[in-house]
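Which chain is which? They are A, B, C, D and E, in the order written, and residues in each are numbered from 1.
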Amino acid sequence: MSEELLKLNKLYVDYKVKEGYLSAVKKVSFSINKGEIFAIVGESGCGKSTIAHSILRLLPEHNEIIKGNIFFNGEDLHEYTDKQLESIRGREIGMIFQNPLDSLNPVYTTGFQVAEGIMLDNVSKQEAWNRVINLYNDVKMPDAEKRAKSFPHELSGGMRQRVMIAMMLSRTPQLLIADEPTTALDVTIEAQILNIIKTLRDEYNTAVMLITHNFGLVAEVADKVAVMYAGEVVEQGTVFDIFDNPKHPYTKLLMKSLPRKAKSEGRLQTINGSVPRLTENKPGCRFENRCPYVMDICKIKDTERRIVTESHFFNCHLEKGGE
Amino acid sequence: MRDYVIKRLGVGVLLLFCVSFLVFSMLYLMPGDPVTLMAGPLVKVENLEGLRHEYGLDRPLLVQYVDWMSGIIFRGDFGISYKYRIDVWSLIKNCIPISLKLTITTMIISTIVAIPLGLMCAYKKDSWFDRITVNTSLVFTAIPSFWLAVLLMLVFAVQLKWLPLSGYESWKNYILPITTGVIGGLASTIRLTKSEALDVLREKYVTTAYAKGLDNKTVLTRHVLRNSLIVITVNIFMSLPWLISGYIIIEKIFGIPGMGNLMINSIIQQDFNVVQACILIITALTIICNILSDVVLGILDPRIRISVTGGDK
Amino acid sequence: MNDSPFKEFLNSCYKNRNFMLGFIMVLSVVIFAIFAKQIAPFSFDEAHPEDILVSPCVEYIFGTDNMGRDLFSRIIYGSRITLQVAILGAGLQLIFGVTIGLICGYFGGLADRCLTFMADLTWCIPGMIMALAVVTIIGTGLTNAIIAIAIVNWASYARLVRAKTMSIKNQAFIETGISFGEKPLAIMTRYILPNIVPVLIVTVSMQLPGTIMSTTTLSFLGVGSQPPTPDWGLMVSEGINFISRGPWLCIFPGLALVYTVFGFNILGEGLRDLLDPRMKSQ
Amino acid sequence: SDGSKVSNELAEGQTLIIQDSAWEGVDLFQVSSWNDMQCLLADPILEKDPETGAVLPGIASDSQWSEDGLTWTLTFPEGMKYSTGEQVEPEDFIASVEYGLEVSPYADGYRAIESMEVDGRNVIVNLSEYQADMQYNFQSCFVGLIDKDEIDNMSADDKLWGCHPYGAYYLDEYQPGAFAILKANEGYKTNNPMLKNQGSSPVKTLKVVFTGEDFTFAQGVKNGDYDVLSTVPSEYYDELKAADNIDIFEAYGAEVNYVELNMTDSLFQDINIRKAIIHAISRDNLAKYLSEFETPAYSLVLKKCLNYSDKAVDYYKSNYGYDTDKSKQLLADAGWKDTNNDGFIDKDGSNFVFEFNCRDSETAKKVAQSLQIDLKAVGIDMQIKTQNWSYVNQDVVDGNFQMGYLGLGWSEPFLLVDNFCNRNVECTNPDPEKYNEMVAKARKTVDYDEITEQITAIQKKLFDYCTIIPLIDNNGYRCWRSEIKGIVHTPTGGFYLGDVVTDADGNFKNVK
Amino acid sequence: MSEAVIELNNLKKYFKINIGIKNKKAYVKAVDGVTLTINKGEIVGLVGESGSGKTTLARVLLNLTKPTDSHVVFNGVNLSKATSKEMKKFRTEVAVVFQDPASNLNPRDTVMNSIMRPMILHGISKKIAKQKAIDSLELVKMDSRYLNSYPHQLSGGQLQRIAIARALVLDPKVMILDEPTSALDISVQAQILNLLLDLQESLGLTYLVITHDLNVIRYISDRVAVMYLGKLVEFGPTKEIIENPKHPYTEGLMAASPILNPHDRDKEKYLMQGDPGSLINLPTGCHFHPRCPYYTERCQNEQPQNIILSNGHQVTCFKYELFGKNS
């Protein structure tokens, strides 16, 4: 269970923008083990999708600079050619996106789009189609045969997301990257989709990298959690570490701002200030301007990794985090 | 689909009626009348009344219109050309194939040239290839077709004498007009293809296709080209009637007796029946092309088959 | 962020190559138009019967025409005509299109259906023919040609404004406006119009070359500018008859036209890059 | 289309390609215009000697007038056949003239015919009164012969493009607005003494092309795309004349181009203003811009017309010649002065500005611009408005004009003088009754010199109205490739292919 | 009981639509017979799946669109018959804040203009309006130096504060908040929620808060209304609805709502099956029956009535017929 599948080592991603460079991801390191659900949470714009896309080199505009290493099964994906990477995509690592309507080509049937991936493994058309139907059943698609012949717009949001899952699991990859897979869906559908992901993880032992800003999801399914803030991972641990024993001031405050109670039980905690622009790559902690415990050193020196337990660490100048 | 097409045809017919009435009354508003044209300057004014009566031109607008329209509907009779003294249909019937030959060739050539160029521009956005193609096509759009036609004539027919100056009998006659037309239309097709392909390239499903593990070629042909072709074909298709009128100047300069030339001469010479008939035919063509392109779009793009439009009640 | 938006905009204008090139080209035309009197060696209608069809030389750098008029001077003065076409044409089309588009888009219903139908109608009739017919009815002449082109082209603006209005109309800030008591006129002018101005600027600049071209074509056909107006289209059409004896009569006015239209084209292209929200968001 | 296929098959070198402006039909009685090239389809009853003006035989081999000018005898010999194979009969003449009287817009030219009867191969025509312009009409293209059967049995619409008038060629194929293919009439015979070959034409096929722009025609005839241009575009006169592979000839007599002033317009109500404008026009200036092709005109009945008189010209020159001082004086007397120094005279705060309604031909535009310069010199702002001639014509007929530029090509005076002041009586003729009386009187006059006197008097009257200003004598020219030998042509427009030299294959190009 | 500010009785709003290229006419019953009372000074939460008609209900309440049937009663005044004076009063007393912070403000107006506009419309002089604008910014804890900014220069949280500030300038009694926080980050959401609560307490406002986040509802509201496909299926005090949902749909909704405590994750949960239906193709009978675990034949054919249980708890389900009385 604890075999290391994906390992990021000091990953930096800079986007080239008008004003210069935007440091979207800074010095991110973590690893995902086989079969585990690893959640990356953070507020919008903190670089979650950037990490996901840079693993498979799928950043759309080709205006980024990636530094650091991405090891998959011990091999550095960074050194792969485009051609080699093509054989990783879909087969070793699958990826699903937030909005399942945009993610499916409107002019082909959903079944074809799933089969298209399967046929890359030199599978006959008929065989591929059979596999599609099976997969549809796996993802609990009602009326699988008919749905495979439907076009994306003929399906509801939940069904489309099932198609995406089927598509990305069709070649039994070892890792599934799910970038906000349920944000566009209603809560009842969200619950269904999460359930499917969980079951399939159990069945195929696929590791899942779950990207979300919804702490509810994290609490529900994640094994491990990395909390990101402005391009940096500020804290990482098991889901219980993070929820029960947050260390980093940001995580701590965030936990208290979750509406977990009723107003009669008192007001929520808030975090003042706003996220800094990430344009200049200056040293220091990026939470410094909002942190209640800020010290002089926070503004000039990069943070240090503080280990709490084997699985739990946070990046802060305070040895014990915010108390 | 069938009901839809029938309904669209119905609307099309209504539109045709409105266009015909609009055009009819517009021409009615024009100064002068065809009889003076027919008579020429030497005929005495008193003698015109008889002619005017003979052609029914002294009747009220509405009566003339109804008469003209019923002629078309019940007898396929568009009236006679006051200038050529022949029934309008036999006049137009010779022009249509010539115009279609010109426009369709132009369309095919410019499509064949422009689509690959546009795709390349989109795929290699901001490369030197893209810049050169886009800027060249921008220069092309800035060239008025009448001027280009004259220049081409000057060079190839007057100076080099490689090609005939005018006429329309042999394929050689068509080289210069078609070149003029292609150069004029190239830019817009390139631009359309490029922007369409760029839009598609930005779509999430292209990323999905890559994420599935498809290689570049498959993604570009199966997902990008196929999806952008929908809009491109439909657009090109719909531009057919426009091309015919776009050829007005070219036909005139090269002396090709197509619809455009006929229309412009008829309007200049007050040959109203011909103008009306031409506009009606082009309108009908536009409507048919429109419906056809919707049908094609419906076939190519499954999203169109169901659509919901709302309105506040 | 603290820069004023205007300064920011100027800055990005400065950096946009297309915009700058187009701007310079169009500016040069504007300068020619304003200082035509100072730049041109002769007046545009000063005939020299003894110098008919002189080929380009020191005295007449672009040669003379069949009335012995200096072609260079005529081309310089012609820039005034072209700018007049551009400004008046765009203005008219905008006034028609925006008013109708706003009203129909905002109120919808019957007016809207009428508009759509009218737009379909004008769309069905070949533009050049319609313009010719209109000019024939209202009489030849440059202003009338401009009006005719506006009558033919207003529908595309109306469609655009209508579509934009309909999409903006449903946005929350409009509904909020209504919820505290804004009247329709205020909604249209204070809320919707300012939000479509950038799109309009882009559209105008993209359509301007076409407007110039169509109006020039009408002049070429003899129903636009009247002689001895130094309209470039008219000059080309008059020059055609001298194509073998005086090819310069066709070539130079055409070049001037291409230069100007290309300038507007590329300016429009640049403006679109600058103002198109999608481009900007990247 | 099948049309282009047929024409592709036409043998090169054996088909003569002629440019012409579009035709209205082949039924010469129904149409309002008949181009010279159409005379290949229909011969006139009689021909006229281009030099002396004498009457020559045409279809009719002989023509005799009685002393009193009321009886006319025409002879139609045997052996002349229509392209249908039918023989020409005297009855055909009667049927044709009756048909013409019924439908032709030019029937006024022989309205005096009272009765006709056949006498062997002769036809005797009786007139109610003498008509001075009648013989001219029978020498023109508007009166020819159509088989009586065709006249009786075909509807007017069918006849328009389907009848077979007697002529050297017949219409074989027609594409409206594009071209016509003519084939030689094998049964043709003529009595025209100008032709050596009085039988059927050696050039068996003609292609008449209607579409194109002036410059393509001019270039085309040089390049060999056309063999004959029926009218040389005025801008190309010099160029074609200089070309060594082109023969160019004067083709028809007289087209007077003139200006009409609308005297009902508030600006031109005062005759002195009209006079001022006339005095401001310099025909010498005009001549500088014009080619050899067009010459200034000082009278309405031009030199090449019947009944021309130098007296009219002299009268015009001495009374209405170029005189800017006089012009300015007249204007100043009427209260028009340049008070604001903008170069234009003004009165009551507005400038003297009017619109000149002008045809859109190149010559017309040149004339207009020359006038504009002349008028500017006396402070008048003349705005040019160019239109197709039919609109100009229409505007003048409707009285919807200030100053209009028109042209009339006809070399016989009566139709001209009828037209000048009667197209829009209110606008141009202050005294229509008197004027028409003078015309009617002249028309009944038998003696040629006497007619000339009267026509001159009529012209002087017209000049004095100051509403009609003669400007240009527009000479027509026709050209063809020099390698084609034997085309017979007359300066009055006759064009005959009967004597063209061909080789054994029917080739007419480069035949020694 | 406290006085009712807004009363709805069997309110309906149907939209006419054309389906497909055949242009078949159909109705979207976006609000179908909603009966609801909002009392002075309370916070009512409205939840439901997307497309269930929540926003439409808000728009009808605001008189932005005319109801198809019945009418809105505001402070005892029937809005469909209101005089222009009453209408004007209504416009000042009810304010709205929509979901997307960016679309809440006119992008071409400065913050200052946006805030001052309602006051100027209601005849308040420019000078006073300006002062009030500054005051109201203070109220939402924002610096007045933002007054001259344009919306695109501000962050989502700031924009939402400004939208709230503008809603407040006319001293409204009622605020309708359509998903006021769903586009915001958690940390900002907490700020806005607190702000709303503070304002409500200090100014004695009445809120209708629309949201699909049950955690937010639980935190903020006194009573909760649950909508499903245009119908109000349950309405009652928050605590009761959260802890003891009556309607099977509410039950499923509560179960599906994400927990915020990982220790609860392994609890056995009831997972609602099926997709939410569409308003265009409504099921017969009770709209919920295709997804309902308890459905009987009756549910398929008959529409259940609104049943009022003790404590003003309303529920629309046959299961509770025995316990309550039909309204």
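Criterion: a contact is a pair of C-beta atoms (placed from the backbone, for glycine too) under 8 Å apart; a residue touches a chain by one contact, two chains touch by 3 or more.
Computed from a prediction, not measured in an experiment: that's the story for all the values here.
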Minimum number of chain-to-chain touching steps separating chain A from chain D: 2
Farthest-lying chain, centroid of Cα atoms versus that of chain D: A
Length of the line joining the C-alpha centres of chain A and chain E, rounded to whole Å: 32
Approximate Å spacing (C-alpha centroids) for the pair chain C, chain E: 49
Separation of mean Cα positions, chain C and chain A [Å, integer]: 51
Gap in Å, rounded to a whole number, between the CA centres of chain D and chain B: 39
Where chain D touches two or more other chains, by residue: 213, 219, 391
Overlap residues in chain B, where contacts from two or more other chains coincide: 31, 153, 158, 253, 268, 306, 311-312
Shared-contact residues (touching 2 or more other chains) in chain E: none
Residues of chain C that touch chain B when the two form their complex: 108, 117, 120-121, 123-129, 132-134, 136-137, 209, 213, 216-217, 220-221, 233, 236-237, 240, 243-244, 247, 250-251, 254, 257-259, 261-262, 265-266, 269
Chain B-facing residues of chain A, complex: 56, 58, 60, 82-83, 86-91, 94-95, 97, 99, 102-107, 113, 116-117, 120, 151, 153-154, 164, 167-168, 171
Chain B contact footprint on chain D (complex, rising order): 1, 3-4, 7-8, 22, 24-25, 30-33, 105-106, 108, 157, 160-161, 175-178, 209-213, 216, 219-220, 223, 225, 388-391, 393-395, 397-398, 400, 406-408, 410, 415, 418-419, 422-424
Chain B residues within the chain C interface of the complex: 15, 18-19, 22-23, 26-27, 29-31, 135, 138-139, 141-144, 146-147, 150-151, 153-154, 158, 241-242, 244-246, 248-249, 253, 263-264, 267-268, 275, 278-279, 282-283, 286-287, 311-312
Contact set on chain B toward chain D in their complex: 31-33, 36-45, 47, 80-81, 83-86, 90-91, 94-95, 97-98, 153, 157-158, 161, 164-170, 252-257, 261-262, 265, 268-270
